[in-house]
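First chain A sits with chain B, and in the next complex the same chain sits with chain C.
Moving on, here comes the complex of A and B:
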């Protein structure tokens, strides 16, 4: 087995823009669930709204990058309002039901054949990322950083993706230390108590839903930029559950927990993939095909999550006194 | 004050209710005390407030006024509708009909957070403190007019730091008064039940309300702490805050209340100064039952009760809906002499 290659691959996953987009979407979930107690099981829907809002406005309407970005963000705010207005006055579980259904509705809409000329149906859309790479300050070429190899495109998208993650993390950090964040944490525990103290709970929950949704939407765009393609199959409910896994791994009421959780999620997937395939190639494992090994990785992630919930329910960075999974 | 057994105020505050400008000892009601009587200076006036859950009329209040700058106790047996009435007044529940005003402002249909901002802050029967916030953060959460609670200003600490410091000062002095200062940095989940009651009351005072509504402030609090809670309630009055509290322990009420409103089966059945209310036949009936002096263990007691009830229009005795009681009376041989089941 080539351990050097396995570890280089794992390291690549840590800094990959896909990991950044998972971290950002999980950070949105941290705002939703970790701080405001909103059960959003449709973060994949917010990501799809962002990705399709961006790509459709670029391809169909020829919008320049800033306009396309704005369209994507406005679309996700509208999506949050549509989900939130009927459900945020009800108990938390209703939002969970509505978000998971809404995310699936979004995915079916973009898959439907009658919209093929706009959404590309099941094949999705491609070549909408030129405006983004045109902004790159790096001349074409290779840029090795330590053991990692970047070209001008991947270096640019990686830097931008992590820059956005850091910016959003800073925003969440500042918000959660403010009186606004305090009200949100109060709502997480008892809405009626916060109401009795004169705070408009509905508005706070809506603000939290919109902020987390905006992060999800930005993450959806980052998710498409490395390949320059968006496909509906990527936005199924399993994406939402991967994001939840990352969030719970890191600690749900923490700012950097979602970043750490996303990194661990991808490193574990990469390492187990490398090690399992290495063992199969070397003939130590004979009862698994390489395709089965690919599926086994997700089983291992699930087992890791279960162990974590049993032995460290607050996540890696979480404070057990402040928030255990209860 | 109609109560001669006055309890001295808590030593922490140093305020003496007797010298307070709000210790007006004139009569509270205009005219004789009766259910729904007019007050000289009401802070809340409720008219025709009704709420039913299915066939059950939980609250059916024709007219009631809460006197300003006084401690008013709302008492009554379990299920009398006290908490439901609280919920209706504070906007946490919507009545089927009725209107009520707070300081002359119509409150019907106003949402609970608006009611609180108008200066009418409540606590809950099941204490609601944020266990996963520290005690001091719980207190700050109660503060009003914090600009940093708006999203667009929250990001810029220089816009709310000053108010935060003010709120922290207020919170610290309240915590000292309620003897929670050492717990300042602890998570509220680590407090005892009584300390949570104290924290909830202190938090309600953060917004400097004109009317505090306490839902069973003594429930589950040990006797030593009860005394200190009572002192705090009396001190609130001394600072000009009107207090309305729900309680079903009559003895607690007698010590601190200036005025008592008795509810039973959703209606106001009596009101007046505590000593007079305690003598009221309607109150005794509501608490003990109208026929509490009849010995049902003896056959002659049952017969006497039957006689009384057969003249009562609301009773089923003597009609075909009458139940078990008659059967017991008809077959005294199968029962032991005291009517107890083996």
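Moving on, here comes the complex of A and C:
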């Protein structure tokens, strides 16, 4: 078994832009759930809105990069408003059902054959990323960093992705120290108490939903940039649940918990895949096919999510005293 | 305290193991049967598996109306000398994997068609297929008299969709009863309910592949579903209730359980779609409405079972106790009702109904697949929310309405959008009448 390759692969996962997009989307969930107590099970929908808003405005309307980005962000704000107005006044589990349903509606709409010329239906869209790579300051070539190999494209997208993650993490950190953040945490702990202080709880919740949704939609764009392709099948409810696993792993009411959680999520997936496949190739494991090895990892994700929630709901970085559960 | 926690851990590890064992026992026998489908079926299966690299394929389904035609040879060839052929499987599907994008000539071998089902008039054969951006090219050959369908009147289409919608709605109602009862008695929104639906269908398939006659497979699968429900409550939910877990963490635990169960089923069952015995059924004409026999049987079965459940809830002591617990657990306990026993029974009955619903869903879709429960879960939620969370009769009415809505909307909407309408209506209902049709206001929040 080639341990060097397995560990290099795991290391690549830590810095990959996909991990960054998971971290960013999970950070959005941290704003929703960790700080505001909103059960958003539709983060995949926000990601799809961002990715499709960006790619459709680039491909169908020929918009330049900043305009496409703006369209994606505005679309996700609208999506948050549509979701929030009917449900933010209701109990938490209604929001959960409505958000998961809305995310599925988005997925059905971008998959349907009746809109193929806009959304590309099940095959999705491609080649909308040129504007982004045209901004790259790196001349074509290979850029090895330690054991990791980048080319000009992957180095550029990796740096931008993690730059955005750091920026957003700083924004969340600052917001949660501000009076606004304290009110938000107050709503999470006791909505009625905050209401009786004369705060408009609905508006605060809506602002939190919009901010987390913006992070989700940015993450959706980052998710598509490495391959330059968007496919609707990637935005199912499972994506949302993986993001929740990453969030709860790191700690839901922490700024860097989502980053740490996303890194651990991908490293563990990569390591188990590498080791299992290595064992199968070397003939130590004969009862698994390589497809089954891949599925085994996701069984572990589900079990990990249950165990985390039961035995360490505050996650790795979290403080047990600051828990969002009522 | 420590001992208690320790016991919980042991119990807990036990349940995960037991669930895995359960799925394993039921399915291990089916693996040999799964391992040797025909060549064309395995090609189709590979394409349905998730996270698969994209292959370039030319594919299609050969049907006369809704009756698939098996054993027809179709050849694809290109000017570069590539040539491959496929034979339609029992569902009429055929897939040809091609090495590169380009232009291909697709020829249907008319000699292999059944004598009574010739190629429709005006159908080009061979057909020229040119790949664009898509990696799957569909080719449909019209066979027999299926072109006649377009000329039917709106009334007959509406009647047909209504009957299909009733059938779908009633099977949704069956599965919704469990979800709604569990919510009513414990407050848990159970995201793992969809996997209980899948479990019913998959174990029926496994048992019949093992050699059980269909009726026995159905009965045993429903009983197994009940056993799995019992096991879940014993090993997971009851200990969590004892710990005083709040509702939101329990909901997230149910998501973890759903993921784990879904991938356990995928692990043993694989990513293919399989058919239950007698999935192909003749079309009957009842009162001028044509309906497939399976849809009719499904409709009758679910109606009978639902009436039985309603009588159980209204007339028996257990039903009365269940309704008392759903109304106010503390008061029910104070009046001498064993709340934990009632909840255990609710889990068992609800899971049995989910398993039965899963079997009917497998006939309705048609096909057994590892993610079939995930597909129906949101429809169940829509039905339950529409009727009012926590009210059983609301769930029944809501589910039937959702079923009708889904099927009737296909008259105007593309079939791949048929679930969107129901989900959108659910969101609208929450906007204007959040307690649902039969719910009470104080439950809302």
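Operating definition for what follows: the second predicted complex is superposed on the first by the 319 of 326 C-alpha atoms of A that agree within 3 Å, B and C clash if a C-alpha of one lies under 4 Å from a C-alpha of the other, contacts with A are read in each partner's own complex, and residues count from 1 in each chain.
Throughout what follows, a residue touches a chain if its C-beta (ideal position, glycine included) is under 8 Å from a C-beta of that chain, and two chains touch if they have at least 3 such contacts.
Because the structure is a prediction, the values reported are computed rather than measured.
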In the superposed model on chain A, is it clash or fit for chain B and chain C?
fit
In the overlay, answer first, second, both or neither for which of chain B and chain C A:2 touches.
neither
Once both structures are overlaid, the C-alpha centre of chain A sees chain B and chain C separated by an angle, to the nearest 10 degrees, of 90
Looking at A:281, would you say it contacts chain B, chain C, both, or neither? Reply first, second, both or neither.
neither
Is chain A touched at more residues by chain B or by chain C?
C
Partner chain(s) touched by A:292 [first = chain B, second = chain C, both, neither]:
second
Could you say whether A:142 touches chain B, chain C, both of them, or neither, answering first, second, both or neither?
neither
Once both structures are aligned on chain A, how many angstrom separate the closest C-alpha atoms of chain B and chain C?
11
For chain A, which residues belong to both interfaces, chain B and chain C?
none
Under the definition above, what is the set of chain A residues touching chain C in their complex?
39, 85-87, 89-94, 96-98, 100-102, 104-105, 108-109, 111-114, 120, 123, 126, 233, 237-238, 241, 244-245, 248, 291-292, 294-296, 298-299, 301-311, 313, 324-326
Of all residues in chain B, those that touch chain A in their complex:
90, 92, 111-114, 116-117, 121-124, 128-133, 137, 140-142, 144, 146, 148-151, 154-155, 157, 160, 164, 187, 189, 203-204, 206-207
Could you please specify the touching residues of chain A with respect to chain B in the complex?
171, 174-175, 177-183, 185-186, 188-190, 192-201, 207, 321-323
Chain C - residues contacting chain A, complex:
9, 12, 16, 49-51, 133-136, 189, 240, 245-249, 251-253, 255-264, 266-267, 270-271, 374, 378, 381-382, 385, 389, 414, 416-417, 419-420, 423-424, 426-428, 430-431, 434, 444-445
